[in-house]
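Chain IDs A, B, C and D follow the sequence of writing; residue 1 opens each chain.
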Amino acid sequence: MSAVDQQALFQFLLRMGDNTLVLGHRVSEWCGHAPVLEEDIALANTALDLIGQTQFWLGLAGEVEGKGQDADALAFRRDVWDFRNFLICEMPNGDFGQTLMRQFLFDAWASVTLAHLQTSSDERVAGIAAKASKEVAYHLERSADTVVGLGDGTEESHKRMQAALEYLWPYVGEMFVSDDVDTAMVAAGIAPDPASLRAEYDAIITRVLTQATLDIPQSAFAHKGGRDGSIHTEHLGHLLTSMQWLQRVYPDASW
Amino acid sequence: MSAVDQQALFQFLLRMGDNTLVLGHRVSEWCGHAPVLEEDIALANTALDLIGQTQFWLGLAGEVEGKGQDADALAFRRDVWDFRNFLICEMPNGDFGQTLMRQFLFDAWASVTLAHLQTSSDERVAGIAAKASKEVAYHLERSADTVVGLGDGTEESHKRMQAALEYLWPYVGEMFVSDDVDTAMVAAGIAPDPASLRAEYDAIITRVLTQATLDIPQSAFAHKGGRDGSIHTEHLGHLLTSMQWLQRVYPDASW
Amino acid sequence: SDQEREFQDKIDADIKIEPRDWMPDDYRATLIRQMGQHAHSEIVGQLPEGNWITRAPTLERKAILLAKVQDEAGHGLYLYSAAETLGVTRDELTEMLLDGRMKYSSIFNYPTLNWADIGAVGWLVDGAAIMNQVPLQRTSYGPYSRAMIRICKEESFHQRQGYDAIRKMAEGTVAQKKMAQDALNRLWYPSLMMFGPSDKDSVHSAQSMAWKIKINTNDELRQKFVDQTVPQIEYLDLDLPDEGITWNAQRGHYDYTDPNWSEFFDVIKGNGPCNVDRLAARNKAWDDGAWVRDGLMANARKKAAAKMAAE
Amino acid sequence: SDQEREFQDKIDADIKIEPRDWMPDDYRATLIRQMGQHAHSEIVGQLPEGNWITRAPTLERKAILLAKVQDEAGHGLYLYSAAETLGVTRDELTEMLLDGRMKYSSIFNYPTLNWADIGAVGWLVDGAAIMNQVPLQRTSYGPYSRAMIRICKEESFHQRQGYDAIRKMAEGTVAQKKMAQDALNRLWYPSLMMFGPSDKDSVHSAQSMAWKIKINTNDELRQKFVDQTVPQIEYLDLDLPDEGITWNAQRGHYDYTDPNWSEFFDVIKGNGPCNVDRLAARNKAWDDGAWVRDGLMANARKKAAAKMAAE
């Protein structure tokens, strides 16, 4: 690949790895505070898988960048503007319903995307996708079940899930906006065009949200900026203060 | 003074400055979120005064230490174990009632202590105390009024204030425990023995809490450790992740 | 009518309208909307700056920022009080903010993402606000005019502090300079939008200008802001945030690229980056504080009753 | 009675008691208390470690910690299930935890204040727990015994990970070594307290030992823990946390200073550094989660009804 493509590949891998890093961090905030023991276990398990995927994506990103940064350096030594995750990943946990809705909306995207990435022309990418796919299939099954269970539960749980969906909906569109990085990835056969995945995604979420008796918002408005780093929410900076604390305060330590 | 006394004086000044630093930080977290506009202004004003006092106390601490640390270095470059504030200062804000109760319990201590410090044998200490006294007199008047207003308000406000008092009460005792540092300060005529201030303190809070129709808890149990740094609460570490963030991430910058 | 003519004559003669004077319903309604919106902007404006109070990098910067946010709450107070002279209560205005019937300045729907934003808010946002507000010191409604005189004095102090803060960043380390540039790039167009839509799309303007509620047109003020700010950017040795900025010797002004007005209208409709979070924060403060307001009120009543009984 | 004699004979012959077997009421009550308390400890034990998950210094350490806390929740599940075989529900046990009728291990009322605490918790706290639990694999009640076998296997894995984490700190930079020492100093006595009060002050013990619910005395286990841990401290090149620690060749054991038992009883009474916050956190999780549990339950009922109707 050309140098330009390598740079694009680096950006693509940051996007993949920052999504799982930031979302994994958010999910890990639940630890010990879930509504029921089985959910504590499930949330810890999801966070664990996402952090594991982060190690692969950011590890490869560091290799491709070729400046000697490993996954930890990328995770713990960049400031807000260098993050490339979807905004939805950094949105606060809110109540358990909002956390699960966010997870479902992300899992559906991840399952569609990873399925395509398994046929990536880059074997390393295909390999990570194959491994992550299995985990994500399980995450999606679980988050979809919970969204249905709470959407079609009591009046209150329905109301909360509808509110969560409406709060998060404007952050879904960003998943399907393509830019130069994506064009380069498509040209190199590394990754699919995000815009091309929307139909598959809509099929999944329409099925699940319908079963959950939830109304999909009509607005097509989409917040953007996380994926290219042009803008983030105010939440990310606060998240980093915890996440990067030890690495920042004790830069010479190894752990 | 002897070298030992200088070391004790340094510790004493850290205690004074860390109290105002940490409490000032906590109060500043309210900014923009108070129950009524006048309270937003009052809380910002209190935080501002406390930060101002911190500049004096820690500035002098740095001078006494003589290692070239200024107030900012002390505030932003120490980790949890080096902090010397009362535990009550790092307790979370809770609801507005808990914040005001914490403020009142602290203000009463500060007003008693600063009155004595104005006659300190160390003119620098006396000078800071004289300036801070005026501010604290106003803080105390205000926090006492609010504690009375809410304690003797509605049934709900009374219940919340009583709960706040019970939650915070075990953190009051630490203010009046004397140790070697205090002995050295008393010997040098720099500061009063904390244990000797309890009666004055009790007179103030008994008057106010009675007027607020609140029951003073009977338990004499006291959490300790903040003042000598032997133990802090888990809350302080989280507070530092925000407070020290920029100094830690960009150690070479001047702001 | 005669009343209307007399009213307009007073305005034309630069005589202030006072609360007890007769005024047209529309004048009153327009003023309530404008002053309420201005007050709300001060209140909501605490949030993006408050976002960095807990992360201020030095004690001095923290104190400055606290004092500034405190001043803004104070401006809110003046303006609500001035609006109350028109027969609307602060609580009514607050509820209209909280349920979305009244707006606040869209600039506060943008996030503060690095410390230089705090400097840039003072420099650009307060700078733009002052440019809007200075003429309003001469506005026709007395209480509003007097509030603006007081506010403008403090705002220009804030602007100088903001400029000082961002100058320190621009002259600092590589990372600091990058922060300053990033802040300028993100806040430039939103600041231009603070003057409102282009004159050709602006409603209410003609009548408001006749009433001296509005003194200059949006585009006039925007141009003035650009002309004032571009040399400052150059002085700070930052890159211009708009490639279209060039000195137009013929006009005697800087040319610049118009903001993306569809983004502007998106933000107004509620789709700015922070609209939902800002309103949620204010609603939460209000709802969580209900017991406090009720408690203090109940106590005040008890005290009053006790005083009555004692007399 | 004959039943009682037969019951004790089985125990003496190392035959497990199973849920359907007859058992004395006291045996059942004591087991419920002990297993419930153990389960609660796993649940509350998530909190001090969870306190550092968001600040774990590397992705690997974060993953290890997440896996560990997940295991602890899993242990809670096994133990609640085992306790349920005695005729008490998990919800009943949970409510007794939440309103303070049942206890959890006092060690979790101490805070985790630096990253080395996470290593120290694995090394010392899990170490002490294992020493308590290994004998319980041979306990007389079948479901409890089987749960303990499973749990012990995972716990010793955790302990090795904890030791590895603190070793890394002890061998690290000056600051890291200081953290390790600080963690050891703070957690040493609380760990010794995990074996319960001195034998002379311990209630319930004699009967529990006859029933093989308790296998060793508190002081026996405590001594074993000290003997195992002191060489590890020396290997790590950390200072001993107790000046009273010396090898007693005559006894063949290390002498050590007894913990401050009045602190122990203070913590049991609710005056530990974190008692209030720990219970508040668990109560908040439970209360905030009520709508989730209700919602999922309602959905399950709807599904069951639909399935019935379809049949």
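As a convention for this text, a residue touches a chain if its C-beta (ideal position, glycine included) is under 8 Å from a C-beta of that chain, and two chains touch if they have at least 3 such contacts.
Here the structure is a predicted model, which is why all the values come from computation and not from measurement.
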item	value
Of all other chains, the one whose Cα centre sits farthest from chain C	D
Of B-C and A-C, whichever chain pair has more C-beta contact pairs	B-C
Chain A and chain B, separation of their C-alpha mean positions in angstrom	42
Distance between the centres, which are taken as Cα means, of chain D and chain A, whole angstrom	35
Chain B: positions in contact with at least two other chains	79, 241-242, 245
In chain D, residues with contacts to at least two other chains	55, 175
Complex contact set, residues of chain C against chain A	48, 51, 55, 111-114, 175, 178, 182, 186, 266, 271, 273-274, 276-277
Interface residues, chain D side, partner chain A - complex	43, 46-47, 50, 53-63, 66-67, 69-70, 73-74, 76-77, 80, 90, 115, 168-169, 172-173, 175-176, 281, 284-286, 288-300, 302
For the chain B and chain D complex, residues of the former touching the latter	79-81, 167, 170, 221, 223, 225, 231-234, 237, 241
Interface residues, chain B side, partner chain C - complex	21, 25, 28-29, 31-41, 44-45, 47-48, 51-52, 54-55, 58, 71-72, 75-76, 95-97, 146, 148-150, 152-154, 156-158, 160, 242-243, 245-247, 250, 252-255
Residues of chain B that touch chain A when the two form their complex	79, 238, 241-242, 244-245, 248-249
